[in-house]
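What follows is a structure written as structure tokens; I'll ask about it next.
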């Protein structure tokens, strides 16, 4: 997240937002921000959202996610908002929307549905 | 891809490989390469693989993809290999595997299944 | 849908609900309704939801969908509610939630994110 | 599976096939077998494939799956072949292809990528 200049803009139990200002070096051939970057902020927000509901000392890993890219990622900034839709002791399912921020208009550019896993304190291996 | 130092290591009709050398600034808190980076090279390889089968003058966009993260992305380098499993005039379905390259061992760290769309010459809008 | 006894319980522009009464022969070894059935009603609701926004004479097909199964599908009935989140001339992205209906409690048992394609009048082939 | 007439046609460690003969009552408006049915046999084969690698006494549940529908499901019979691509103590990732069987031609009609969870003996809750 440091590499791309993203920051945590909201953290509540089960809900996290990450904001990413536009940067030319994050774009692909057509001037839009790369799908991998859009995915990275959605996945990171999803992981943190799940993490807010896990016991202290846990670690969180992404098991899988699915992204639909809905519109070109064009904007002054982007915001990924992730919300837990089903917490669990082991697995937590999260949904994340990525909006482009362009003044009043905030079109939805991508939406993600993913699964996060809680690794208890001291565990190291992916189950 | 320039930003992260990835390069095209194989291009054949319907098959593309992208190789990414390890770089400390692409890792997350635990020293593994970020899922967003793994996804970015898999998605880019998938887009190019679909593109190799499209008519000259077309553009390609990712419609959606789904990634399962299978092992920690630890390695000296990573290779995403994408293969078209169903080409189509409008939609092309692609599968991509991402391997960590560690001498003889090349564990599968992620696998992607996605859909790419062909935009004919001159079209600008996402359908 | 006839085979499993499901029916359309709500049709509005961009939103469709399908209701499925419990039937013992739709369950798997553990007494819960089979994931394939839960998926079938979510997919059908998604297709119809997309269809409500398509031009007269179009046909709709599912391109792909992703389902997270969140809780055992136990209930007197099930309701899939699908909502279009991004309509398009060719592709429409839809989200569907499946609830178990048990008196006051209506737990979310599955959630789907999928892509539907519009086939214009007279076209026959999947693009 | 009984309801739709499917049967297990191959069981090996990590690989399972399910075969479904064509039946008119499994089709949708256009005469093709419903995506929910195609998904059901792919998901069931995936669950069994994961199950073959789990300790005795375990139970298996589908966590999530993603399906791309590639061609109309037209054929005399259908075969779902599932293969474990990453076994794990808790989570197992499986890929399944569904072929239509039409004499010599066996086109791929759908492909699935999914995650199965192992519930140890005696456990009842979804984690």
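For clarity, chains are labelled A, B, C and D in written order, and residue numbers in each chain start from 1.
Everything that follows uses one rule, which is that contacts are C-beta pairs under 8 Å (C-beta built on N, C-alpha and C of every residue); 3 or more make two chains touch, one makes a residue touch a chain.
Bear in mind the structure is a predicted one, so any value in this text is a computation, not a measurement.
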Contact-richer chain pair [B-C vs C-D]: C-D
Based on CA centres, what chain would you say lies at the far end from chain D? A
Cα centroid separation, chain B vs chain C, in Å, comes to 30
Centroid spacing, where centroids are CA-atom means, of chain B and chain D in whole angstrom: 26
Could you grab the centroid distance between chain C and chain D? Build each centroid from C-alpha atoms only and quote it in angstrom. 19
Can you list the chain A residues in contact with two or more other chains? 63-64, 66, 68, 70-71, 93, 115, 126
Help me check something: in the complex, which residues belonging to chain D touch chain B? 66, 68, 70-71, 85-86, 93, 95, 108, 111, 113, 115
Over in the complex, which chain A residues touch chain D? Could you list them? 63-64, 66, 88-91, 93, 115, 117, 126-127
List the residues on chain B that touch chain A in their complex, please. 2-3, 25-26, 30, 34-37, 39-41, 43-44, 59, 61-72, 126
